Structure formats: structure tokens, C-alpha cells
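What follows is a single structure, written as C-alpha cells, with notes after it.
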Amino acid sequence: MLVELIQGTEGGGLIIIQDSINYSGRTLLMSFIKAALKRDEVVHLLAFELHEAELKHELDHSCLQRLTFHNAFHDPLGWNENPPFTVHQFITTELDSLLTPNQHSKPVTLVIDSFSFILRHLSPSAVCKTLQQLKKGGAVKTTLGLLHSDMHHRNMVGSICHLATSVLTVAPGHQCHEAVAKTIRRAKSGKISQAEERFSISDDMSVKVLSKPIQVGAGQGDAGDAEVDPTANLTFNLRLSDQERKAKEKLALPFVFSKEKKSALLHPGPGSGRILYEPDANDDYDQEDPDDDLDI
Amino acid sequence: MAAPMKSMGSSFNATSFQKKTRSKLISIPGTRPSVQNGQLIVSTGVTSLDYLIGGGLAVGTVLLIEEDRYNSYSHMVLKYFMAEGVLCGHELFLASAQDHPDDILMELPAPILDDIASHSPLEGRMQFAGPHASQDAMKIAWRYQNLPKVQTALASSSRFGHYYDVSKKMEPEIRQAANCHAFYLPEHSMESSAPRSPLLGSYSALLRSIQEVIRKGGFNGAAPPSKSRNVLRIGLQSLGSTLWGDDLCCRDNPAHGHALTTFLYGLRGLLRSSLSVAVLTIPSHLIQNRAVMGNITRLCDNAIALESFKGSDRETNPLYKDYHGLLHVRQVPRLNCLLTELPDHKDLAFKLKRKQFTIERLHLPPDLSETVSRVSRGELAGAAAMGTTCGSSGNKHLDF
Amino acid sequence: MFAELNAILNTSPDHFKQEELILVSDRRADASFLVHHFLSFYLRAGCKVCFLGLAQSFSHYSAVSQRLGVSLTQAKEKGQLLFLEVLKESLDVLLQKTSNTESQALDFLRDPAVGLRGLYDFVRASVSDSGAGGEGDGGGGTVGRWGPPVLLVDDLTVLLSLGVSVGSVLDFSHYCFVTVCSQLKGNMVTLVRCEGEEDEDEDGDEEGSERLLKGLTHQCSLTLHVQGLPTGFCRDIHGQVEVCWRKTQKDKPLNQRKLFQYKVHDKGASFFARGTSSAVL
């Protein structure tokens, strides 16, 4: 599902990448940008937390040329002279004027890095209204943004994600090159699909999914957390390789009554011993339980 | 402590010889340079507390005492601190919103003035415990023979500060010799001549009057060198309580949550550039917001907490029967040095003997009865660790 | 300057990475020894250093730097070090003695709600008037005597105690990052001190050092997180420090973490892998 989202086959909407201090979602965001540029889409990047030098480090030259960079990093609050873009310009009219210069009929992707900075300075309702306007259509086909979910109140994160068509939550994986993305996608029909995938991002910003997505039941609402796998962190081995299984199957268990055993018992060979016991009258045999430790 | 360091600044920095600077510093009565880092220190009046915080309180620092629930022991430590100042001839500044500072000064403990004579045998016994032990040599496994004698009372080898008898009050003649400034909040809240800083609230009058005393008394570095230097001891009682007009204690999210921390910041700045030292008590058990308490602690240099057994279930626990409460070291000062001397022991307890308040290492009482086995002692410690009454019942044998 | 830490971070005064925001944080331990490390490190590297001393007085830093072999007084006289001793200057502002215009840097002490723009203006003025253009690596003729500017802040949590909101502090550090790191190709080191345990399950609304730490972690490129030992107090190991590189580097993967234990000495500190303290081996 991650790959489909990056390829843009699902068609627009508002995509939010939620990250935390444990794993930054910025590289994934770059992969989205690069994929969109490869599709020949017009990409506008509104950057509050990312400076151009870093962008150059991440993307190659041909990509950079086709990307429209709006510098909201240098002076987001207007403390210096002539701010290029301030956070208070994050309203529909201002955004429209930013995006209108391109008159091609190509779909526009607006990338925002990050919502967290905006949410720190504008009221949540104003941000939500603007996002809703963007989602509704007009010039922008896809809006894509990063949200540091651990910096805000849970309810604020919830209300932003409520608007989104897709929410990607990224977290670090078990190995250092890996990460885990949990995707929740809401189709127009109201169908909810979820997937949890392991992925890694290579140097050229392409995303490789490492394991088959786990399709969690499709249904309305009920986006309960995926069960934690209790077998994930065991100190012993629960699974068997094919070889081990074969070896295990070969092993004859002591209590299994096999043909060989049966024949060995029925036809005792020569020289085998045998215990004979005949109780006699002097045997000390009583019905009582003198130690009182039996359950009679 | 900024001022003395600065005065000797370059010579101290350039060479490693410290003799010269020490002799210069020691000229103030009741002070001495620290063994560890050459810092000028004064005694708190409680010898074992001095030892615990690295010899004494460094001039220019703040000691925070988190009050015990009934503010009896912490108040006593504050009185010790002031009494020591009286005996050393230091100037005093005492501020309170609860009792009038003059009343508090009236209750200062009496010094044991001939203590040199009366205490040396006791001290000698402690120090020469080794030879004594060899005389009536106890039969002991050879591998334990050379272990150092465990000393429970905390004391340094050389004497610093005085001993006090808490059962008696200090004679008025001695007390009145001291130059004391009192700050009683109800008196100051009447006069509203000075503009009240919105940030500091009622603490602004306090900060201003401390600054006034420091400036007039020449405790800041700007004093003329001709005048003999002295140390100002500042005692502040129950800061942060509601009587100071603070709502830190009553609410989870106080409206003036920053008044006290801002005051402490100002106080820190004031002390760092003057020859003064402060002890303040705070009813931390009333402050619900732990983040605020953390900020307060960080703005002080030293921080200790007294936890009295009175009113807690630990009072009846036989493990603690020899003590009156526990002492926690929350923070040690880090001043003019990279390394701080950490106490080598973290389990500390205090007790109030008939005449004296001391801090000791916490240890189990000696087991003299023959019937008590090790197992039950383990149970006892377990119960203490859980701090609940159900602890002991939980250790009963399991029924199958 | 601790040589062992330099080896861990793969840096040296002659050759260090620029445009870095280094976050030093602590929990149940004291990370201020790392501030002294970075102060002496950048002074030796010949950087123009702007130091915001919020928690301690100048004489404290000076005395410690002396032990680390750097003289702050000399650096100050040479113009290499610019030291704002907030602790000392705050008094007059707090007691409203002066209303002169030059102390606008500390406007937040009069009213924390105004934010830290005044302090930022001070930082900008002090790092950019040095003439350390920082463009290129010394090839241009306009480059001043000193290397790229460095801003050190000890510590940001004090601002929270003085009533400044977390958002304002984050804005301040954002702007400082833009000016010092991004525009002037310098570095920035900040200290944040946290209290007690990590309360992960609490809602993310608490105004406090936790939120400040999270916000700054998102901004920074390298974190050094100092913690007390999980097993408790120990005389020979003072704690552990977790180093995390948060930005992609050529040879290192993203989010690489390393954990070391440390011990502070009189004139330095030693770092070692877990369980390899000389006291236990």
C-alpha cells in the first residue's frame, strides 16, 4: 500500500506522514517528492523546517529544477526584514496565489514540511479549514505533509488526521536501515484499508517494501491497534526451518507404538529376562494409609 | 561564588599554588576554603550535614531543604544555620511569612561553648576506635580483620562549626550581638510604594530587600577593601507556601507558577556576585506539580529533602526504630569545577538525640535476640521497601 | 575538551562538521559537563563563540575552562568569545531598576509573553558583526579573524522557569538555527534538562521541558542524551550518554545510536562502552 501511495495511483487527497522523535519521516517525504517529480507532476514545497541546502543534499539536480521551493524556513514569523513566506500566510487565498503561476493542466502536489510548525502558531480550526479547502480541489490535487505527532496534544493530532485521506505512521524498525509504516487509507466509498509494512529507503530515495503487507480487516471505523506480536522478542526459537522439521519428523517418540516395537514385544528374543512375582501370605499389604498422604 | 574567585582570579588560575590565596580567603571568621576545590565554605551548624554536602556550604550558593510534613526538623536545621551565623559573627537576614523572624531568632539553640573540651573525648573515641579494638581483640575471621571500622555518624576529621544544645535557648546577650535583618511579609505587603513586578508577585519585595541589605552591607564585590569583610547568611522560611501569596501548593496548574522560580533565579544571580549564602525551606510535599519542583531544585545549588517518620507507617517499622526520618540528597552543587563530590552513601537517616540533630548512615539495628532469624529480617526489609502494611501478609507461606 | 568524546563523534578542532545543531539533554543526571566540552572545543577550533550563560555565572565557566586548558578571559579580550551573563544582568531587569533600551535582549524577563525576539536580535547582532562570513573555507578576503560562528546556550530550561512558553523557546531556537547554522554555516549547541521519568502515556500537552526536548529533537542533527544509570547510583560510573545522529551522513545510516557510560574527572571525562569501566574490569 505504501508503494501505491507513493506512486500516486490512488488519486490525490490529503496524505499525512506522522513521525516521532524516534524516527524522522522526512526521508519518506523526500521519496514522495521524488516519485511525484518523476511522474512529471508540478510539486510545490512549502518548507518551514527544511532549508534549501539540506534539500540539495537529498535530491539530485534534475529534480530540484522542477521543484518549486517556497522558503518559509528563513523567516516564518517575520522577525527579520522581508520575510519570503510567514506562517500567518497559511490561508487559502495566499496559498492560491502561490500556486497559480503554473497554468499547465498538470496536477499539482503541495508538500508541507511540517504541519507541526503551523499548528504551533495558528489555531487548529484555522489550519483544518485551510486543509479542507485544499482537499476540496481547485489547483491542488494532492496535499502531503509531515506531522510530528509527539509534539501536540492527542486531540489536535486526531483532528488533523480526521481530515486526511491517508495517514502514514512511521516508526523505527528492528534493524537500523528499516522502518515500519502503518498506513490507514480512507477511500471515497468509505472503505477503510489498513496495512503495516516494513520498508527501507535507499540512497536514491526509492522505497523498498521488505515484507508483504498485512491486510487488516476492511470495515467501517474500528481502526483498533494491531495486536502486538508476543512472539516477536523471544529469547528462544519458536519456528522451525524445513531441515529442522524433517529431522523432527524422523524422530520416533518413545510412547508411539510402532511396528518394530510391537514385534519386539510380541516375540521376545532369546535371552531376555522376565520378572516373576507371586504374592505370599507374609506379604505386608494393608488397605489403610498409615502416612495419611494418599488420596483414597 | 563569584566575588572571591574573581578577586583572586588570575593568580589562582595561573599557578597551582593555593597557599597564598587561601590565607587571603581565610580572613573572614567562620569560613574556610574547601578541601576539595578551594571554595570558600561556611558551616550549616549541623556538623554531619556539613560533611554530607562536601565540608560546608559554599559562599554564594543556595541550599534548598524540602520540608518534612510538619516542618519541625527542617525548621530546626534552619535555626541551626542562623545560630551558627550568630556565633561566627556573620550578618543575618531572616525572612518569613508565617512567624515573625524575631520570634524565630528567639528560639535559636544554645551553643555548647566549652565544646572543645567536652567533645574531644567523644571524638577521640571515634577516631581511635582501631587501637581500642586491638586491645580487647575480638575473635574474628582473618579476612575481616583489616576492614575499616564502620562509622555511622558522619563527621570529618577536623572540626568546623559549633555544637548546639536544642533543649536550651541561646542566651539573649549572644543573640543580640548579631546584626540581624528581619523580613516579615505582612509588614511589607502594607507598604506598596515600590512597583510590584508582575512576574515576581510578593517575592519582589523580598528580593529587593535582600539586594538592599547586600548593597548597604558591602557584601557585593564593590565594597571598599578597607572595610573588613563579612558573610551574610540568608534564611528563608517556607517559600512557596500560601502565606507568601503563592498558589503553587494549592493547584495542579498554578497561575503564578513562575513567581517562585523567577525569584530563585534572581536570588541565584544576586548571591553569585556577593559574599552571602542562603538556606531556604520549601513545603515540597504540598507541591503537586513535579515539573515545578524539578525547576526549583535546579535553580538551587544544594538540595536535600527531609522525610519524617511522624505520621507515616514507617514510624512503627522496627527497621527504622533508631531514627526519626530519612534524608535524601537531591542535588549536589557543581560550582567552579567539573567534578562534584558525590556522597559515598545514599541511604541516610537523621535522628534528634536529646540535645543534638545528627545525620547518619542508615543501617539495620543489631540483631540481639536469638530467636529472630535472618528470614524474618528479610521480611522486615521487604515490608519496609514496599512501605505498605500488606507487605508482610504477602510474605506468608503459600497454601497449596 | 574531552578527547574521547571527539573520537566518538569523529571530530576534532581542526576538522569539524558545520551547520550542526547539537542537542545536549539530561535526565536524572547532569549534562553540564558536556557544555564545558563544547565551549572549549569551539574556542580551540578558533570559532567565534557566542555564549548565553543562563544557568551559571561567568566565573564558573571560566574556572572550569581553566582546568580544561582554555582561558575564557583571554578569549573575551581577543573578541573571540561573547558572553551574555544573563544570571547577573537579570536582576536589574527583574527589579525594574533600569528601563534603558540596550537591555532589550532580556525583555522576556519583564513580560515572558513577549517571547524571545529581543534575545534573538542580540544573538544575530553578535554572531554577524564578527565579519566571519563563513562563506567558503577561508578563501575569500572578507573572512574575519575567527572561524564560523557558534552559539552555545546553557541552559534553555531556565527560560521555562522564568515563564517563557515552550513555543517561544522553540521559535527562538529555530531562528538561531536559521541565522547561525544555515546562513553563517556555524554550529549551535543547546542544553535541555528534564525532570524525572519519561511519561510517554501522558497527553502531549504538558508545557514543560519534555515538550521542549521533543521539539528540539526534531530540529537538531545530533543528540547527546545523558541519563543516570538505570541500576542506580554508582561512584565509578556517573551515568550513560546516548549519542544519536539524526541526519543522514555519508558513512552513517539514519538514526544511528550509540550508548556509552561516562565518568567525570577533575579535568575531563572518560567514556567507555557499557560494562567496561575500569572499576568493574
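The first chain written gets the first letter, and so on, giving A, B and C; residue counts start at 1 in each chain.
To be clear about the criterion, a contact is a pair of C-beta atoms (placed from the backbone, for glycine too) under 8 Å apart; a residue touches a chain by one contact, two chains touch by 3 or more.
Treat the numbers as computed from the prediction; the structure is a model and nothing was measured.
With B-C and A-C as the two chain pairs, more C-beta contacts join B-C. The most centrally placed chain, judged by C-alpha centroids, is C.
Averaging Cα coordinates per chain places subunit A and subunit B 53 Å apart. Separation between the centroids of subunit A and subunit C, computed from CA atoms only, is 34 Å.
Chain contacts: subunit B has no residue touching two or more partner chains. By the touch criterion given at the top, residues 30, 32-33, 36, 55-60, 62-64, 66-68, 71, 73, 87-88, 90-91, 94-96, 109-112, 157-158, 160-163, 193-196, 206, 208-209, 233, 235, 264-269 of subunit C touch subunit B in their complex. The residues of subunit B lying in touch with subunit C in their complex are 1-2, 5-6, 9-10, 13, 195, 197-200, 204, 207-208, 211, 257-258, 261-262, 264-266, 268-270, 272-273, 290-291, 293-295, 298-299, 334-340, 342, 344, 346. Subunit C makes touch with subunit A in their complex at residues 19, 117, 120-121, 167, 170-171, 174-175, 178, 182-183, 203-205, 211, 214-215, 217-219, 246-248, 253-256. The touching residues of subunit A, counted against subunit C in their complex, run 21-24, 27, 49, 51, 53-54, 57-58, 73-77, 79, 116-117, 120-121, 148-154, 157, 172, 176-177.
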